Structures are given as structure tokens and as C-alpha cells.
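Here the structure is laid out as C-alpha cells; the discussion comes afterwards.
By letter and in written order, the chains are A, B, C and D; residue numbering begins at 1 in each of them.
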Amino acid sequence: MSQPRSVPGAPPAPDAPTLPAHRFYELMRTARLLDDEAVALQRQGVFPAYVSLRGQEAAQVGSAAALDRERDFAFPTYREMAAALTLGVDMVGYMASHRALWHGGTYDPIASRFGSVNAVVGGPVPHAVGWAIGERLRGSGGCALAYFGDGASSEGDVHESMNFAGVFGAPVVFLCQNNQWALSVPLDRQVAGGSVAARAAGYGMPGVRVDGNDVEAVYEATAEALQRARGGGGPSIVEAFTYRAAPHSTSDDTGRYRDPAEERQWRDQDPIDRLGAAMRTAGLADDAFFASVEDRARAEAERIRDAVSAAPEPAPSDMFEHVYREPTEELARQRRAWEQEAL
Amino acid sequence: MTELALRPDPEERREGPAAPPTPVSMQQAINLALARALEEDDTTLVFGEDVGPLGGVFRVTDGLQRRFGDHRVFDTPLAESAIVGVAVGLAMNGWRPVPELQFDGFAYPAVDQIVNQMARMHYRTRGAAPMPITLRLPSFGGIQAPEHHGESLEALFAHVPGLKVVVPADPGEAYRLLLQSVRADDPVVFMEPKARYWDRAPIGATEPADPIGTARVVRPGRHATLIAWGSMVHRCLQVAELAAEDGVHLEVLDLRWLKPIDTATLAESVRRTRRAVVVHEAPLTAGLGGEVAALVGEHAFSSLAAPVERVAGYDVPYPAGPLERQYLPSVDRILFAVQRTLEFQRA
Amino acid sequence: MTELALRPDPEERREGPAAPPTPVSMQQAINLALARALEEDDTTLVFGEDVGPLGGVFRVTDGLQRRFGDHRVFDTPLAESAIVGVAVGLAMNGWRPVPELQFDGFAYPAVDQIVNQMARMHYRTRGAAPMPITLRLPSFGGIQAPEHHGESLEALFAHVPGLKVVVPADPGEAYRLLLQSVRADDPVVFMEPKARYWDRAPIGATEPADPIGTARVVRPGRHATLIAWGSMVHRCLQVAELAAEDGVHLEVLDLRWLKPIDTATLAESVRRTRRAVVVHEAPLTAGLGGEVAALVGEHAFSSLAAPVERVAGYDVPYPAGPLERQYLPSVDRILFAVQRTLEFQRA
Amino acid sequence: MSQPRSVPGAPPAPDAPTLPAHRFYELMRTARLLDDEAVALQRQGVFPAYVSLRGQEAAQVGSAAALDRERDFAFPTYREMAAALTLGVDMVGYMASHRALWHGGTYDPIASRFGSVNAVVGGPVPHAVGWAIGERLRGSGGCALAYFGDGASSEGDVHESMNFAGVFGAPVVFLCQNNQWALSVPLDRQVAGGSVAARAAGYGMPGVRVDGNDVEAVYEATAEALQRARGGGGPSIVEAFTYRAAPHSTSDDTGRYRDPAEERQWRDQDPIDRLGAAMRTAGLADDAFFASVEDRARAEAERIRDAVSAAPEPAPSDMFEHVYREPTEELARQRRAWEQEAL
């Protein structure tokens, strides 16, 4: 098992091991436990709905860990919880989006260098390009990373973004998590040609498909793309080939459209189990390691679960906040009317 | 590259539509209308994101692919603009497309194809290109959904020449209005109020539909007219019920066709009641309530005893779950407006 | 892959804006405002299709790339949605983007990025993401242009929470309102009336702008208020001129900010004149005239002596050259409406 | 010079020669003269504006000639006059669009199997895909051909269309006339990677770039793509690499953005001159041939010019026609009001 050069992800907890694989493992395991907690919260009626990232932990942790948190900026969709975790985003604020406390979440996306949760498939991808062009103009050396799915690759915005970035040589990495399903539509009915990475050549940029369940492979590919972008080499596509192990969301019913055998087959490819086994084989981890990770991960998942469950609902008047920076009299009037009629 | 290979099972095809259970949900009513449309005209096609094996995120197209085959009912890539653009091309080739866009907020990427192409192709071609498209759009709020899943685009569509726009308020209406829209030879935007998908009622599948562009009085009254569409019809009926307890008799008008608007019925009602409150979920400013107020002003000016009241969503982006209740017109807010219109004194 | 290599010529950079020749065209006034915005704030960026060496199809950005360099003023690929999406990303990274969409009818492909992203990003991020974008949009008809080159999208934009919308009617207004929009910290859709690009007038470059959201009375009068924006302000002034010959004194109100609307000025005027005619180029149904009529009804009901008249485009797709004259509100049609409002008798 | 197998374009005039090259030459020459007439009509104020296709005659004639006029359907932009001519479209009705008599032109696009003039860059491309899917469903064997430019390739719609067609195996040919300019923006600031044909691989479909000034090469490439599509082989991209020899439109000023030397250089590549010279060399044409073509082409161009100039303006009331098939009372009311106020 090769070791990445460095992992500029979240600073390790004081008592955490320091090898990248150890960090990856702990992040993935924490994400998994938190994901499980979130599914449970939905069942308990605390979350109205939740989109699980189960199976995609390696794709998210590996890619996010490659970012420089001082300079780079990630643009997520609605399924990048493990990426948020890796980047040190306030996870209670992140989960607030799933509790429907505020659509974008309640963390500060600018300070976190991790955009708000965004539900428009493909919609945030051009933002990454604009951010990257701006960074390049300023010469500050940061890179943007745009997360999107196999389904999103069908949207016009994703194409416009790739072409735009190619023309400008913008420092952006298009990180496709190809989990082989876009809700109920399988890859072969979604992506003509079957590969998002293969689109790169048509834009004159490098594109690579990596095993998305191999966290180090994803890390390496993303780091390479970022390094190239940072050096003025322009954009690239990294396609992490993985599998959406859970239903699309807690409202979904996979029984209607996919074969449970496929799910079982991919269960053997679980990215966390794979890394764990490889670490054992390589002598990088023993029972004590796994036990201590488990303790910390569980504590963290439970802390976040409890905090998001306990988070106060937004004040009703929050509805009128942040519509504008420079408020309008008309909106103030509506707010006064609301105060009289609704409070 | 995969093929449109799957053909309908001939056994299932022969069956005809299941006898409508009574009562049925709006979801099922739309499903039955789609099945009937697919059955009665071989050129009808149903497609969109996840409408096939999944049966749509609201199960509105449940079972249709199995019954009619995946050449008549099919999943598309995740590309709203192309879904509408493909519908335009299919229509030019003699088909009768019934595409679905999965959620209201995801109709925005298709606005160019809707406005610049679907709505104008018949005009641009001087009538040569048929354009009998029915664009189904699960719409409006009330289900505490994530961002973009609770939008009200009716004012946008109603402003576009060449489109017709309709919103059913109950299962029977949904059944009749959808069949009517599919059979119509003009493009129709069919906005389904998500919050009513689970309402159950007998659909009266054999009742004839009223002409396109006609409103309906769902509750007669004499003290003021409440004008609404979709879910807000129900809210207005609740209000009317409450007001009746106080001896105030409110007429509730389900506008339903938002383009063309039934000005005659609207004007007749308000001329009689002399007061009007229009209620919609969309933000107040430049919402369709302005159009309704203007029409009332134009056609019932002398009868009007008070300004037309508008009760609408606030001019804020659709808020998250717990705030939705505050955002949508509530019974209380409508009652306040009724009170204002009843108590109005000319200055 | 090409680079943003060209840097501004330091000589030219030092010059500052050319002293505005008096009078200047609206085209030039906008150019001067853009130059000033680029000069006073290094984070201002101007981009769009053909805005660089060509200087825009209306020459509005003429010379700006040469003067400020192609890192500040640059051509983009032909992709409206990405143009707005890139502006959103630039704004999130601390820039002050002034993107142009080449023609009104080509704003439709960008509607998703405008509505779902640009207008909501500040809200979605609870104020964390600045969004000081000014989206320039050559708009409206009157130049007998090809299809899609003469649209009126103001009702669509005015309906979107989070946006501000403004239409200048003359060169001085264009200069002041554009600078004000660029300096403002909210997203503004700046709709430039193409038909007035070649009008010349002194721009009063040092006059302060009125606050955002204020209308202006361009001609006082007492018998009725004509309400308009963009080119229709001029048409209304013509009408007022003609009516004055018959002793009818019409007030002409340039609404100019279509979001937020200056309800106070509007109401004050109509309370005084007791009659209102709203004029716009967009199709009648669900146009912004409905909003204006509703506001007048709400705020001046007791003063109103006649229904608010609406003179608008017809509910047809924008027609080709020779028919445009028939389509746009004409002096005659506005005069008819004035006559109707003056002669109105309560039934 | 190789000869195409057959040219199912417009039937030859009675006295016209019958070899494909002869037909191509005459069509291109007619298009050129008609184009010149149109530019002149704009100068005379008869047309408010005109978009010349000068330099692209081979790309248009070659591609349109490959279509089967009984079964196929072409979707043009605003610059496909020579394609219309080749397909036998009523050219007076076509030119009516440029005289602004009716936006889409006054020919019948359904009967002509040639869509209305469409000004939205990229907008008609998904229509071709929809048409083709419909044709395939019916099993009638027709193919759609979508014309678009290098600039259009940046639009989301073009990508969504290609992917959609790829997934459905739709019988459609994406015919890009890469004339190296999108108004004032050159190819290298527009198309990342530089080639539209190169995008095909990413959709799993064949793509080929041909010399767009070689009419027979364009014909061959298009015919091959159509044959494949007709046989169930799905969509392909044909990129005809050519040059916009004239300004973007009569309102344009190329002096602001491109080097006249480039224009001069491409003048030597004029597709009509090239075919003429090749025919002479091959002994397929002599002075008499060229003289007779010239006579017929000029007569045809003048006939169309005169007819479009003399065409009646639309009746003002036409504005209210064709908005709907099933008219609305509201529009009838507006029409009555217009009759009272405006007539």
C-alpha cells in the first residue's frame, strides 16, 4: 500500500495516529457512523429526509483530503457529508441542512471554504469555475474543486463549465463521483459512452477514472490534478468510480429498479473494509487501533447527532433575513404585516 | 448505447385501465389519466427523469412502463432542457409528448426550451408544426421539501404567449384536466400541487371536462370572493367554513386555468360579492395575484367595495421546513384579509 | 487553452475616463459608467459574449478591454448559463462581476443560474456569500430585430426574491443607475432599453443618484398618471405632450426600479390624479402592469375615479419587423386608454 | 477527384448536367450569387439585416445533399441558406425571414423537411434528437441532421442533446460548421480542446473532422454518418472545418477583431473556386459548362431576389394568427381591441 505524501485535511485529533491511512480510515469511519445516525434520525422523524453517502466515503475523503484548506475551495452537491467532515466543516451546521433548519446548512461556507449544500444537480459546477478564474486573476494559488455525480454530467451546466474552464485554463478539478446511479437511472441510460473522465479529452484536458473505493487512489489522482492546476496546467476531470450503496434518499425504494444482487456484490467492495483490511495486511493497524478509532468516531458521530437534534429551530423572523444585504422597504413592510398577522 | 428494446407485455396491454377504485388519490387519478391517454392514442409518449421503473418520485407514473412498454414510457438522462427540447422535436414528428420535469424548481433549466421553442414553434412555423405537448410539473409547497422542491412558477408561464397553464385542485379535476390537456393541440403546462397528491376523492372518470379556460365556483357565497388555485383552494374552503360560522358567506373560485384566465366568471362573481381576496403561494410581488387584481379592477370596478386583497407568499426565497408554515398563506392571514375587505371604508 | 495574458497598457490606464462629451448617447453613458466602475474598484470585472475586442454588439463596452486589460474585461464562450454561474463563483471569491447577456431573449438559458443561484446564494449562505453582481441585459423592442432580440423579461425578474431590477430611460439615468447598481451589494438585473441606445443627452456625471427603489416624476400633471419604464417613458411623454394641447395634463412617472417598486411615489401620484394608465412592452397577461394596477388599487382605492388602464404588448410571440409597430403600445393606443380613464363613468 | 455514389438533393433542372460534382457546383454557385444579392438587398434597405454564409457553401451543400429528402429532416440555425437551397426549400419563403416578414420564414418547414430559421444558438439541436427518437420509434428509417456552429458547441443544449442521442442510439447527425468564429470570438477562445468532432469519443459515438471547403468530403462524411444512423448505428458528429469569409452579419465589423490577412488566406480556399478548378483539371467541366451554370444560377438568384423583394408584407392581423391551434377568447378580445384602436 503506497502512502500519500501529506494529508492537508482536518488537523488530527491530539491522540490520533499520524499516517495518512490512519487519518483516512478514521474520517471514513466517522462519516459512516454519522451517516448511520442520520438515517436513524430520519426514521425517528428528526430529519424530514436524508441522503446517505454510504459506499462513497473513499471518494469523498480521498478527494477532500487532497485540498489545501488554506487556499482551496470545494463546491459540494447535497451528498458530500464526508467531504465536509474531512475539510473540518462545522458538522452540526452541515447536518442542519438535513434537519431542514436552513436549506444551505448553518455553517459559514466562505470561512469553511466549502460551499453551501446545493440541491440543483449541476448547478454549483460553474461556481467552481468562476471561483477558480477569480483565484487565478488574483494570483493567490488556490484551486476549486467541484463535486458532481454521474447524473449531473448530463446537465448542460456541467458541459458549459468544463468548456469554460478549458478555455480559461482555470485551476479547477471536476470531481465526479460516478456511483452508477442517478436516482433510479443506471449509468448506461445516463452517460453516453459510459465514462465521465472520457469527456476530458474533448475539452483538451486530462481526465482519469480511478477506483473510487480506494481512498488512496482517489487522493493521489485528486492531488495530481490539483498540483497541475496550481502550477498553471489548467483544469482536469477526476472520475471516482464507486457505488451508491444506499437508496438515493430515505424516500427512495431501490426494489423498484435495481437488483439486490448488485448491492450485495458492491458490499464486498466497501471502501472502509477495504482500507481496514489493507492496513492490517500492511501491519499499519491492529485491533487496538480499530478499537480506538471506533471509540472516537462513535463519540464524534453521537456528539454531532445530539447537537443537531438539539439545535434550535430558526426563529420565524429569520425568513426575512439575508434576502438582501441592503434591505428594501417593501420587505420590511411585509415583515411588519407578518408580525401583526402571524405572530 | 442501449436500445428502446423492451416492448409491452401483450397480455397486460389488453387489459385496459383498471376500474378506478373509488375514491382515488390525486396521484392515482393522474396515473389513470396518463394510462387512458396512452391507450387511446398510440402517439402519446410519457417520459422524464425516473418515470420508468421507479414510477416517478411521486409514483404518478407507477406501472405505466410495464404496461405500455419502454418505447411509450421512458426514463431520460438528467437534462431538463433536453427533455423539453426532445418533446418539441417529437411533436414536430407527429407525436403527442407528455414529458415530466421532476420538480418545479428544476424547471428553470428548461425555461429557454419552454419559452423560446415549445411556446413559439407553432407560431414560428405559421401553424405547420403541431405542438401538442403537455408538460407535467409537480409544483408548489406544503410538503416541507428541500430547497427548490416547493416553487410556484405559474406567473412565469402565464406570461408566455403560446402556452396554456392549468392547476388541478382535486383528484377528479386532475383526471379530467390532464386528459383534456393531453388531447389539446396546444402546449399546456400542467402544474400538479404536490401537497394534494395524497388527497383521495371519487374522480367521476366519465364526467365531461369543462371547456379549456373556464374557472369553477367550488363554494357559492355572497359577501366576498376568494380566488385561488391548487392547494390554496382547500385553504380558502377552510376559511369559508370558518367564516360561515360567523355568518360571513364567502364564495370560493377555483381559477384552475391560469392561462387563459376565465375573466367572465371572475368578474361575474366579484360583481356580485363586491369584494375579492386572491390567494397564492408564490411570492407577492409580480405574482399572478396582480393579474387577478388588475382584471377584477378592469371588469368589476364599479361594483368593488374595497381594494382587492392579495394574500401570498412573502418576497423571500422559499424557506426551509419549519418556516414553510409561516411563509404559506395561512387560514389566519386569509381571514385577516377577509376582515379587511369587509371592514373597508372609503377614505 | 489560452491565458488571460494581455495586461492593460499602463499609459492608457493612467488617463482616467475621458471627460464626458455633452451630450452623450445612452450607449456611451453606460460605457462611461462601466469605465468608472472598473477604475474605482479593482475587483470589478466586465465579461460576456463579444464584449472584448468587438466592444459588444451595441459597442457598449467599446475600448474597455484595451484600457483595463483582458483580465478585467473579457470575452466568454457562448454559454449564458455559465456566464451567470461563473459570476456567482467570482462573487463568492470576492469579485464584483458585471456580466452581460447579449440579448434579452438569450437570458432564458441563464434563468436557472439567475433564479436558483444568483438570487438565492446570499440567503442560502445566511449572508456569508457576497453577491454584488450587476447583470446587464440589452432589453425590449423597437429596433425591428430578429426573433428573440426584443423581449421584455421584467415581470419574470421582478417576481424573484433576492433580485433587484432597474431600467434606465435616458443616458443620465443609465449612467447613474448603472454605477449605483455596480456599487450595490445585491444582485441587480440592469435592463437596457436597446431602442434608446442612440438617444443623446447630457448625463450629469456628478449628480448623485436617488436611492435604490425610487421612481421619478418626469412630467408633473394632474388629470391622470402614466406609469412606464424604459422606452415607454418616452412614448408617454409624447402622449402627454399631445394631450396637453387638448388641455389634459398627464403626469408621467418613470417607475425605473421594478424591484423594489416605489409604492409611495406611485400611490401619491395616483391619489392626486385619481386615474392611472400603466404602459409596457411585455405581453399584457401576467405582465408587470398587473402588479402596478394591484398596487394602485391597494394604495389609492378611494381616490381612484376609474379602473387602472393597462396598455401593453399583445399576448402573442414578439412579431417580425413590420408587425412590431402594431405590437408595441402606440401613442394612439395610450391616448385611447387615457380617454377611457377620463371618460369613465361608474355603472 | 472521387465521385459520390448518388446525390439525392433537389432534382436537377432539365438541362443541367447529371454528375454529382456538376450539381454541387451549380448549387454552390447559386447560393453564392443569392448570398451576394441578399447582402445587396440589405444595403438597399430591403432586408433589415442579413447573415452571409460566404465560404461555407461546400459545408452546407455537401451535407444537405447527403440527406434523403423523402425521409430525413434537417434542423437549421440562421445561416443555412445553401442547405435550404440544396433541399429544395421554397427560397422566397426562406429569404422572407431575412426580410423580416416572418421570423421563421414563410416556407412550410414540415413539408420541406427543413425546420424554420431558428435564432437561438444551440436551441434547435435537441429538436433534432427528439425528431430522431420519434422516427426510430415509428421505425420509418429517417434521420435527423442538426446544424450548429463552433460557438453553439459551448451551449449546454448541444451537450445535453449529444448525450441524450447517445443514450437512445438516436439516428441523428450533429453537423457542426466550424467556421472558426462565433461572432467576434475565435475558435481558441471558444472551444476548449479546439475540436468539436473530438467531443464525440466522450459520448461513445463516431466523430470526424473533414475539410469543410471540400464539398465531396463533406458529402461523403455526412452520407457515411447517415448510413450508420439509418442502420441502427446511432448518432455521430461531423465537423466541417471551414471559414466564415464574411462578417458575422451585415451589422458586424470584423476590423475590430480579426486580421484581414487571415481572410485573404482563406480566400484562396474558396470552396467554389476549388471545386471548379478540380473539375477543370479532371476534365469534368469546360468554359461552356461554367457559362451555362452562371446563367442559370444568376437567373435563379435574381428570381428569388425579385420575388422576396416583391413579397407582400404580412397583414397586421397575422400577428394574432397561429399563437394557438385552439384559439382563446382572451386573444380574440385583444384582437378586437386592436382592430378598434390600431386600424
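Everything that follows uses one rule, which is that contacts are C-beta pairs under 8 Å (C-beta built on N, C-alpha and C of every residue); 3 or more make two chains touch, one makes a residue touch a chain.
Nothing here was measured: the structure is a model prediction, and the numbers come from that model.
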Third chains touching both chain D and chain A | B, C
Label-sorted list of chains bordering both chain A and chain B is C, D
Could you tell me which pair, C-D or B-D, is linked by more C-beta pairs in contact?
-> B-D
Distance between the CA centroids of chain B and chain C (whole Å) is 32
Between chain A and chain C, what is the gap in Å from one C-alpha centre to the other?
-> 39
Could you grab the centroid distance between chain C and chain D? Build each centroid from C-alpha atoms only and quote it in angstrom.
-> 36
Would you pick out the residues of chain A that each touch at least 2 other chains?
-> 102-104, 120, 154-157, 160, 163-164, 166-167, 188-192, 204-205, 323, 330-331
Residues of chain B whose C-beta touches two or more other chains = 1-2, 77, 79, 81-82, 105, 109, 112, 116, 123-124, 147-148, 161-162, 260-261, 285, 314-317
Mind listing the chain C positions that touch chain B in their complex?
-> 81, 105, 108-109, 111-112, 115-116, 119-120, 123-124, 147-148, 155-156, 158-162, 259-261, 282-283, 285-295, 297-298, 301-303, 306-308, 310, 314-317, 344, 346-347
Interface with chain B, chain D side, in the complex: residues 73, 75, 102-104, 106, 108-111, 115-116, 118, 120, 123-138, 144, 156-157, 160-161, 163-164, 166-169, 204-205, 234, 321-326, 328-331
In the complex formed with chain B, which residues of chain A make contact?
-> 48-49, 78, 99-104, 119-122, 151-152, 154-157, 182-185, 188-192, 251, 253, 256-257, 313-314, 316, 318-320, 323, 330-331, 334-335, 338, 341-342
Of chain A, residues touching chain D in the complex = 153-160, 162-167, 188-195, 198-205
Within their complex, chain C touches chain A through residues 1-4, 45, 71, 76-77, 79, 81-82, 84-95, 97, 109, 112-113, 116-117, 121-132, 161-162, 164, 184-186, 212-213, 260-261, 263
